[in-house]
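Each of the next two complexes has chain A plus one more chain, namely chain B in the first and chain C in the second.
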Partner chain A sequence: MHAFFQYAFLQRALGAGLCIALACAVLGVFLLLRKDAMIGHGLSHVAFAGIALGLLLGQWPTAVALVVSVAAALGIMKLKEAAGIYGDTAIAILSSLGLALGVILASVSGRFNAALLGYLFGDILAIEPAEVVLSVVLAAAVLAVTLIFYHRFMYMTFDRDAALAAGVPVRRLDALITVLTALTIVLGMKIVGILLVAALLVIPAAAGLQTASRFKAAVIGAGIVAALSVILGLGAAYVLDWPASGTIVLVAFLIFGILFIVRRK
Partner chain B sequence: MNRLRFSSFLLIVSFSFFPVNASASSPSPTRAAGDKIKVVATVFPLAEFAREIIGDRGEIVLLLPPGIDVHTWQPRISDIRKLEAADLLVSIGLGLEPWLDSLIKGMAVKKTSRLEAALGLDLIATNGDEHTSAAGRSHGHEGFDPHVWLDFGQDEAIVDALACALSRIAPDGAGLFSRNADVLKERLRALDASFRADLEKFRGKEFFVAGHAAFAYLARRYGIKQVAVYGLSPDAAPTPREMVEIISRAKASGVKTVFYEPAAGDKMARLIAAEIGADVRILFPGHNLNPEQTARGVTFFRLMEENLENLKHGFAGN
Partner chain C sequence: MASPGTETGELIRVEGVSFSYGGIPVLSDVSLTISGGDFLAILGPNGSGKTTLLRIILGLTRPDRGRVTILGRPIEEFAERGMIGYVPQQATHFDPIFPASVREVVAMAVRSSRRRIARAEEEAAILHALEIVDMADFKDRRIGRLSGGQQQRVFIARAIVQKPRLLFLDEPTTGVDAETQDRFYDLLASLHTTEGITIVLVTHDIGIVNKHITKVACLNQRLIYHGTHDHFCSSGALKDMLAGGHHLVSHHH
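Up next is the complex of A and B:
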């Protein structure tokens, strides 16, 4: 374990991994309760189109991907509300469209290569100092918004109609969660990779919801599971000589599985 | 010796994929003497060599668009048309162009001759440093490092094979092709000599590539040692312990420069360099240029000279 104190890249992996895991875990609880578990998967495909568009325009690919993903996330929300389309259908439609546009744009721009892949698939072992700072800011923003709107979020998550009737700005708060999710997915996939972000949005939150009977406990539980997954996952990846992202996801799943079995007994 | 073995191979193997209309006495009955020869090359060095040899007698199409990684490229329908229209298709083989077989299957007209440049060369097996020749094998190409053009001696054999293949397609140009090939081989020998002269004093030293292991042929020719973060394919990411091992090995061998290659980007190189207090330089495997280099008209020789400068910088630092 001394390697973790000796090598800056492992410390950066741990720091950025923990921050992004926490942001994902907290948002994940809201998303799962809204039955939006696949949104991470869906938005990552849309971000692919955004990156390709940014490379084609020659401007700030990550920023373009952010704008496109936020727009798509809001579009998914609108599709659900206005057309009465199920959430997973809306996600499937937009993610397919995103993938198709991404392939076409990348081919047209002639840069279907490392630049594109570099923007899409971060590597938790190759995190730069600036990206650690970005992760801290992201986690702080997600946690701050959650704390500020905590009661309203909880109210609308459990009883949307009552919240509407009570004058809670449900649409705007929905949009806020959606935008934060898009932000977390795009920045997270650039920093730690898409596999990890999609998994961290779902598995720790699912584990937290397994164990807790109260909302607050579920959010805190999800955060703890997320943090443990990153710490134990990175450690195990080092000891077993396995790929880091995959091992973190596996550890998260094992924790979820244990909680699931314990709960059933 | 290589060259002898190679030419016998050329006759047997390289034209057996698409037999050039066997019944006709002239190799390609649709071609009138003096017609431009159309050559499709899969990667940049082959296109460069073919262009030099063919002179004004033909035109070269480079299949791989600028800036694209050869391992992950997806061909388009228009690329099949390019192959159908060509007289000669030159590829490396050994699995470097995994998309080529399906392209060939898609061709409606199969009159194109084919040359696989790696056939008969002195190949490096991908497991270990053992030198192995593909001569004993038929065409089951996996298991060998395909970056053969980074051995400038073997490039001479490729140039000979190209000239020979072009002469079969356009016998009236044979004299020109062989003269141009001689000029090109002379330039390759000069390039080889400058690498040998400049790298001689660093024999046995290690250079670290934070990318895929594309430089084994160059390392073998000049007696230096390549240590690569990724394997032969650029998308196999290292585990944490592999990273730690590479960093401690780089530290132990006193490396002052970490190299990266364009396909993998410089992120990993900068990471390792930061851990050991080194700087970062680029090394081009050369199978492709980026769009900016293409616009500038960078040649294969220019690219390799830049590699030599960067290697010298890296070795001189430690």
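Up next is the complex of A and C:
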């Protein structure tokens, strides 16, 4: 384990991984309760279209993907509000559209290649110093917003009508959660890869939700599960020489499984 | 029956409110007033528009026609929301996996408020509200692990924790056993008389009309009756409402 910390790339993986994991875990608790568990999956497809568009335009693919994903996330929010469209239906509709447009754009631009895949499947073991900084900023932003709006987020998630009647600006806060989620997914995708982001948005939050009887405990529990998964997962990947992302997800799932069994007793 | 400290002026005025869902009329030209000290029951069969009317009064749904004012101001512009307590019809239909303790359910209302008070005062207010509804012993219990009646009392605590002047309850005793219902109405009566809270209770259950209630409004798309409780009992409004409502609007204040 001593050697583990001598490698700069592992330190960066640990630093950025922990930050993204915390952001995902905290957002995940709200997303799961809002029945938006598939949003990570859905927005990654949309981000694919954004990156293909960026490559076609020859401009900042990640920035284009950010704009496109935030727009799509807000679109999903609008579709959900429209009577008769479930959240998961809205996500499925827009993610299919994203995938279709991505395939067309990539084909038209003739750049269905390694560059595109590099943006889609970031690698936690190939993180650049600037991306560590970006991860810290992202995590700080997500945690700060959650702390500031904690009770209002909880209120509107638990009882939307009562929160509205109490004067909570529910629609604006919906948009805030949605935009933060899109930011976390697109940046996380580039930095640690979509597999990890999609998993960290859901598994730690699910673990926190099923064990806690208080909301605060669920949020903190999700954060702890996420952090443990990254630390133990990276360590195990190093020792076993396994792929890092997959090992982290496996550890997260194991922790979830253990908590699930313990709770059932 | 206004008690000391209760204002008796007009709090809410509903004027000519109409609303339809996709062309199907739900409310037609409903007008009523709610005054300080009222304990108003809005009665009507299922689907008669009670919930819709309440949501319009609270500014959650925009009427197609007509308007709602609170203390003379349009409800959409009304910012002092701490003055209003609300227990929605679906309050007990929350997500069963939602991990919130009883204390947290009440705290979310206090801590979401625009006008925050000192932390110690907030904590005291939360406990006090739980004591009023006799749920203080359960403050650390997960809300999903309570009976329907107990949950309903917690939602009332959440609605009164900011000491509202007006409390709206939408079918609060659905699925609650008779004995608990009696205790529940005693609780509302004491909030009305001792705390001086104006109460608007929406229900399809005519059986709840009792001595505590001062005013009655019968709704079936149109307002069939709006007046005092005493007059309600002697009028034919009850039969009219059950018969599906001739458009007999008799205002007896």
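Going forward, the second predicted complex is superposed on the first by the 264 of 265 C-alpha atoms of A that agree within 3 Å, B and C clash if a C-alpha of one lies under 4 Å from a C-alpha of the other, contacts with A are read in each partner's own complex, and residues count from 1 in each chain.
By our rule, a contact is a pair of C-beta atoms (placed from the backbone, for glycine too) under 8 Å apart; a residue touches a chain by one contact, two chains touch by 3 or more.
Source: prediction; values computed, not measured.
Participant: With the two complexes superposed on chain A, say which partner A:L209 touches: chain B (first), chain C (second), both, or neither.
Facilitator: A:L209 sits against chain C, while chain B stays out of touch.
Participant: Taking the superposition on A as described, I'd like to know which of chain B and chain C A:V197 touches: first, second, both or neither.
Facilitator: In the superposition, A:V197 touches no partner, neither chain B nor chain C.
Participant: For A:L27, select first, second, both or neither according to whether it touches chain B, chain C, the two together, or no partner.
Facilitator: Neither partner.
Participant: Would you mind listing the overlap between the chain B footprint and the chain C footprint on chain A?
Facilitator: Dual-contact residues (chain A): none.
Participant: Going by the contact rule at the top, pick out the chain C residues touching chain A in the complex.
Facilitator: 55, 58-60, 79, 81-82, 84, 86-88, 90-91, 94-95, 97-101, 104-105, 107-109, 111-114, 140-142, 145, 155, 158-159, 168
Participant: So in the complex, the part of chain B that touches chain A is made up of which residues?
Facilitator: 65-69, 72-74, 76, 234-235, 237-244, 247, 262-265, 267-268, 270-271, 274-275, 291
Participant: Note which residues of chain A are touching chain B in the complex, please.
Facilitator: Contacts found on chain A: 3, 7-10, 13, 107, 110-115, 117-118, 123, 125-126, 128, 234, 237-238, 241-244.
Participant: Could you pull out which chain A residues touch chain C in their complex?
Facilitator: Where chain A meets chain C, its residues are 33, 150-152, 154-155, 157-159, 161-168, 209-210, 212-218.
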